[in-house]
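Got a structure here, written out as structure tokens. Questions coming.
Chain lettering (A, B, C and D) follows the sequence in which the chains are written, and residue indices restart at 1 in each chain.
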Amino acid sequence: MKFTYYPGCSSEATGRHLDESTRAVFPELGIEVEDIEDWNCCGASVGHIGGGPLPQLALNARNLANAKKRGNEHVFTSCAACYLNTHRNNLAIRDNEKKRQAAAEILKAGGEEPYEGDLKVHHAMEVLVNFVGMDKVKERVTNPLKGLKVAGWVGCQTVRPFAETDDGGHYDTYEDPHFLDDITEACGAEAVDYKPKTNCCGGSVAVMKPEKTLHLMKLLLEEAEKAGADVISTPCPLCQTNLEMYQEAINKKYGTNFNIPVVFPQQLMAVAFGMDPVKDAALHRNTIRAEKLEKMAKK
Amino acid sequence: MTFVERRGTMAQDGPHSQTIAVIGGGIAGLTAALEAAETGYDVILIEKEPALGGRVTRLNRYFPKFCHPTCGLEINYQRLRKNPRVKVLTMHEVVAVDGEKGNYTITAKKLPRFVNEKCTACGECGKVCETEIDDPYNYGMSKVKAARLPHEHAWPMRYVIDPVVKGTDDQKRIEEACKYGAVDFSEEEEEVTINAGAIVWATGWRPYDARKLETYHYDSSPDIINNVEMERLANHDGPTGGKVVRPSNGEPAKKVALIQCAGSRDVNHLPYCSMICCLASLKHAAYVLEQYEDAEVHMYYIDIRAHDKMQTFYERLKVDPRLKFIKSKPAEIGLGEDGRPYVKGERTIDRELYCESYDLVVLATGMEPEAKGVDIKGDVVKDEDGFVLALEGEDGGQFSCGVAAGPFDVALSTMSGTAAALKAIQAVGAR
Amino acid sequence: MSDDIKIGIYLCEGCGIAEAVNMDELEQAVANQYQVAKCQRHAAFCSDEGRAVIEKDVKDGEVNRVLVAACSHRVMTDRFNFDGAATVRANLREQVAWTQPPQDEDTQAFAKDNVLMGIAQARTCDLPEPHENVVKSEKILVVGGGISGLTAALEAARAGHEVTLVEKTDQLGGWTRKWSKLIPSRPPYRGLIDNPIEDIIKAVEENDKITVMLNTLVSKTSGEPGEFSVTLSQGGNETEDVFGSIVVATGWRMPDDMTPYEKYGLGKIGNVISGVDFEEVLKNGLEHEGKKLNTIAIIIPCESEAMPYTSGVADRIAIKQAIQVMDADPSAMVYVLHDNLRAHGQAEELYREAQEKGVVFMKAMVKSASEGPELVIDDLLLGREATLTGLDAVVVQTGMMPNSTNPDLPMAEKGNEFLCDDVNPRVPITINGQPAGDGDEVKAEAAGDGEEASAVTPDCDPENPPLPGGPILNLQYRQGPHIPILYNGFIDSHYICFPYETRRTGIYVCGAVRKPMTTAEAKEDAAGAVLKAKQAINLVKESRATHPRVGDLSYPHFGLDICTKCRRCTVECPFGAIDENEEGYPKLNPSRCRRCGTCMGACPVRTISFKNYSPNMVAEMIEAVEQPDPFDEKPRIMVFACENDAYPALDMAGINRREINKYMRFIPVRCLGSVTLMWVSHALEKGYDGVMLMGCKSGDDYQCHFVKGSAIAKERIGKVEETLRNLMLEPERVSFEEVSIADSKRVVELLDQFGEQIKGIGLNPFKGF
Amino acid sequence: MTAVPTPSRTYDLSFARWVRENVEGGDKLNMCMQCGMCSGSCPNGQEMDNGPRKLFMMVRAGLKDEVLSSSTLWECTSCYRCYVRCPRGIPVTTIVQHLAALAAKEGYAPKNKVENYFFSKAFWWSAESFGKTDERLVTMKYFFSFGFGEGIRKALDNLKIALGMIKAGRMHIGLPHTIKNKSQLKAMIAKAKELEQKG
């Protein structure tokens, strides 16, 4: 099945390993990935402040208009923020007369046809749950990750505020989502009981003033340690980067010595599918190397 | 010393039946049935449980009088015993209703009791029965023999046997133990139809499933219970013989949190206010304060809704310094490191964020109508929330009362039950 | 009569009785008693075969009194019921087999005594015969032309009754006429509805079963259900009419005392108006004194500081009015100031509607009000004091005070003390200054009462009753003209379980005089009251009792030959069923009677009795119990247990197989109010070592099903000391316990404690004499 | 867009009504029943002066200045807990974020030296000029918006992290990534800003 794919800015930087593993894994599961032509930034969680609500709409309208040209009904992205913005603006254009007109005018200014909001925007995880299904993932596993203990950390925007809505495909719950553990189990690894699975890392606030949000990430790491996890698995590029890069700062501030790898479920799948640890799983891009996982990878 | 005098037997049925069917044997249904019968009408009272009394028979006390529901029920059962006009069908679950005024057909599922009317409640079957089941009377907070009297005040006073023993050695033992030929394992679930000229819906309510309140982690600890379970906990014939203790370890529950609007007033759950919860929780506070000198009770609320005459009741309890009122809808409840449940949120009056541990947390879960899933046709409607209402202005023959009609307390249920009796009488033709 | 009494004893061996009791021994002990015609045994008399045995004996005329010695009378009631033969029960199961060690001599004695008591009871009770009073009218009188009264009239007419609706003012509709819009009472529970009052009035006026009388007051009511003769005074000229039953729907009024609302500026500051007056403004499109209102604060007074009557009605009305303002003018600014916003039940939806429309709700305390109007408030959620300025008007929701009395009428000359529930009914009774009654015996007992002169609680001072004004029906009852009230001035009833049962049989109350309620609730309530009114007529038609002993045919008979006119019965009857005739003798109104027997318990010369329940019967039962030889050191204690709560609790102790003190013997009574002190003294004279009374809770939250029975019993027992002193016995030999039906554990403990107490005192010296 | 009214008196509803009309999600704000679920659920609540619940009450009370200078606007991590938990279905996160946007527009943010504001500006600068966010440049620009010295300090703090990222190939050296059709995007954003002004 063909999906239009929105890589998002992080795919070319801090989230490269997410992008690479996604591109490697999804076709294996029957999802053909076609990029949006000349995609741009979604505005993330600050665009409406930096530029204003309508400029933020402009960014997304352009992406959607370009996505439409691909001719696929479905669009997906692996980035939580990209998903949130694209999805929300898509709904706004579809349901809100004022927004639809604004979008049309904006697109016109760019020489584009009006866009009516008729595309369906999904998160990569929703695609796995609603379009692929765990059975298919299991089938594809050739290298089960026996003995790997994984803490499934969903984070926030991947499920909130859409996972329980019709437009979110009802693919899981806000407070106690299980899709991440399902993927872990499907890969033959062990999903440990991870209480703060939907806790927030601080998001962009963590980037701009880490000192204020370190305590949030400390708790995430503590709980993972308590649960005896070898790795933390998260679908969100910002979560992954934050939790990875601030571990040292946390150790410094709290006198701890955390060194827990944070990986993407796509990376787990790539390894479990017996694919190339570097080319497909991009494990070399984790600054805290997931050694145990790397060992399991088929050379 | 009571006497029964035989009065007119059941009127001949068929088209234009004058019989009134009351669906549900809780306080509202009992009231409707008895008031109609005592006015001289034939009534069929249909109850799905093995005994009457519904929710109220499981309550410890009523607010605001702190009297025991069984007190009023006893009178109602006396009235019932003395009144041959009321025919009681227990273990009959109504599944569909069709027809029109004067001629309704009610389809009910008759569940096997495995005990017939020859039962004397001697208790021999219970003695020999080895299988135990979760006691439905105690909402599964305790075990009970599979062959049992539903509870000490059960009416009819007759045993019931859980299907699990069918085909086991227990079945043989039970059959042998009964001297009165009252045990009958050949009973099968069957569908029966009942004809009536008017119908009163008194199907009542069930507590809103606390598991749906994901942030309150009801399943994470036995010390997080709901309000109906609290009633059992405080009841002399409940799982703890009336001691309010921590279900997890039997220790005294002295520090208790009462959480209002657990499901109610929430567009994600029950949009309406369930009306009884605030007052029930005040009552629960009293249970704890009564039992422990050094009790500490915190009531988390959005609004304390002491309706009609209840304000005085609220004022009375307010003066106890051991009872604190915290205006806050807790954001999170769960099992803490110390093995005790914690409650977390924002205190709205001073905007303090809190996270406090308790011995026991009671969720004031709201009321959800039981009529859901029943296929009702004709002159009655079910609203979005599942409450049953007679069509407005229509001259129909179906009516509702008690919590089947809306979130009512007991006083409103008996009131609407009596009113429904009149409407039903008018429908079958007042004489 | 007594010689052709043929008692059949049916000793049941089922449910463990035969295992616990030696049946042969028991049969020998009871079979040859006086007037016992037959004694049979069966494995289970409740079985069809068992019943057949008894039925045959009755049919063959071999027995005319049936004594079933088996389970408690609370079970198998319909099985053990035989035409033409009074049936009594002896409790061998719950009380003996299930609570006593098997095959023990004390168990045997227990069983035997229970059967002997049964024999005594069977011998002394008879099938009741209905009284002759006939229903003279099936017409229903509805008092009050507001929404409750109008609905009641229509419902009664629909139920086939002629109705007379009296309204004291010159028009129907009451308060509801004033309301601009009403709160929706059906899904979706949002969107205010038009006031249907005009249509309702029209429907009433056009209904040929309903006679409307305006400007009319009830100047006198006498008689009883089925034949209330009522004098109606329409603008001075009086007419008489007879009614089967009465529905009182007199509604509510503004609080008599409005001073609590002055702090909000009501009645003091311009443009501060009551919620009631605001309805007018809403009708005139927000026009008030020539000015269009736009910025309005609506205050819901915090009850603890204001009146106890707003109770959620005010809250919902405040929301309704706020919505109306927004509907009339979307630019309006409306603030609702509340403590706890009681939008309970489906009104939550109305609350949401108001917010959607822009109404601002504030949890705030009003500290003061000043000209402008301006309000200084304490905004509890912002945690700061603020001043609300620029208000065009302030609306204050006032309370609803029940019209349990008619404020326009002067206070009744006498009988006001009966208006209040917690009044002690045993006020000293005097006839033109002289203590009532003759005969020393009475004086002896009455003496105690004299000292009780001050037992009337202050707020029930007859000179100055809790509610001002005159009676609504002006009942020509011995107990005064009022329908008794409970706290807060609402009409007294078991308002949770049996909300319509007032203390005046055949008179049912609905609407805001019963409890604060909205229009929609009042309509529902009216239907309920009408059902009871219809029911009362149908029951008295057959000379049957109304709630709670519904269907009972027995009623008290007065042996006037030895009556001393002490009037205790006429004063103590909780339902005002007994009047006094010209010579001062008690005159029963049987259809008012609830058959509790409080009069029987009150009578010092015990000349009041029922066919199946009498002082003599219980006295015989007391005597029937065998007193063991003093040297056996085995006490006997008589327990009079209320059959509605205490006795069931004892049964449940049995059901739970809890061991009951083996020295106790039990007699169930209709109500503790029916217990005469004579039984107590009689028991002690006969050698019982102690007597215990088990009754229901009394007081404001009373649980007695006959309202005052247990309270009165408590009173009486307070006086027993005197009697005991005369007998030279220790007062501790008599005890009174309030027991609830849920006390199946506690009763057992109470009995043991009392048993110990008696042991401590020692056996009754009268034993053996 | 009409100018933001400044209430003349306490509880003047002009500001509240303006928010209702002009702020995304504002039409739901008045549904708040002050239960505290949102503020209690906030992961960053302890950093906030008021929290959403009190902030909403302040909007109703017409406390415009206090609302728009509230730290609550800038501490939101946009985790959407409050949003999905609100028993009145109020899009809390959306409202808070757009009140922040309003505060920025009305000049409250720069005045109060709000980090989030500077970050957003830096972020937007990148998005607008390249069509993509270049995390290097965004962070740098953000750091230096606090003045040169502060910029250097912050930059050094993060040097080690940056190096790690570069090593892992997650931060590139050289020119920023850009979209092909920058002019188109510029035209569209210009239009958007114009519409934004018109309201």
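Keep this in mind: contacts are C-beta pairs under 8 Å (C-beta built on N, C-alpha and C of every residue); 3 or more make two chains touch, one makes a residue touch a chain.
These figures come from a predicted structure and were not determined experimentally.
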Neighbouring chains shared between chain C and chain D, ordered by label: B
Which of B-D and B-C has more C-beta pairs touching across its chains: B-C
Chain whose mean Cα position lies farthest from chain D: C
Central chain of the complex, centres being mean CA coordinates: B
Chain B-chain D separation of Cα centroids, rounded to whole Å: 50
Between chain C and chain B, distance of the C-alpha-averaged centres to the nearest whole Å: 25
Geometric centre distance via CA averages, chain D-chain A, whole Å: 22
CA centroid of chain A to CA centroid of chain B, Å: 47
Touching two or more other chains - residue numbers and ranges from chain B: 215, 265, 327, 348, 351
Set of chain C residues in contact with two or more other chains: 363, 381
In chain A, residues with contacts to at least two other chains: 174
Contact graph of the chains (line, ring, star, complete, other): other
Complex contact set, residues of chain C against chain B: 14-16, 43-44, 46-47, 71, 73-75, 77-78, 81, 83, 86-89, 121, 125, 127-128, 155, 158-160, 186-189, 303-304, 308, 311-313, 340-349, 363, 380-381, 383, 487-488, 490, 494-500, 515-517, 521, 524-525, 527-528, 530-532, 534-535, 538-539, 547-548, 550-554, 612-613, 643-645, 648, 652, 655-656, 668, 670, 696-697, 701, 703, 705, 740-746
Chain D residues touching chain C - in the complex, by the definition given at the top: 8-13, 16-17, 20, 30-34, 54, 57-58, 60-61, 88
Of all residues in chain D, those that touch chain A in their complex: 24, 43-44, 47, 75-81, 83-85, 91, 93, 97-98, 100-101, 104-105, 109, 115-128, 131-136, 139, 142, 160-161, 164-165, 167-172, 177, 179-181, 184-185, 187-193, 195-196
Residue numbers on chain B that touch chain A, as the complex places them: 214-215
In the complex with chain D, residue positions of chain A that touch it: 9-10, 12-17, 38-41, 43-55, 57-59, 61-62, 102, 105-112, 156-157, 160-161, 164, 174, 198-209, 212-213, 216, 241, 245, 248, 284-287
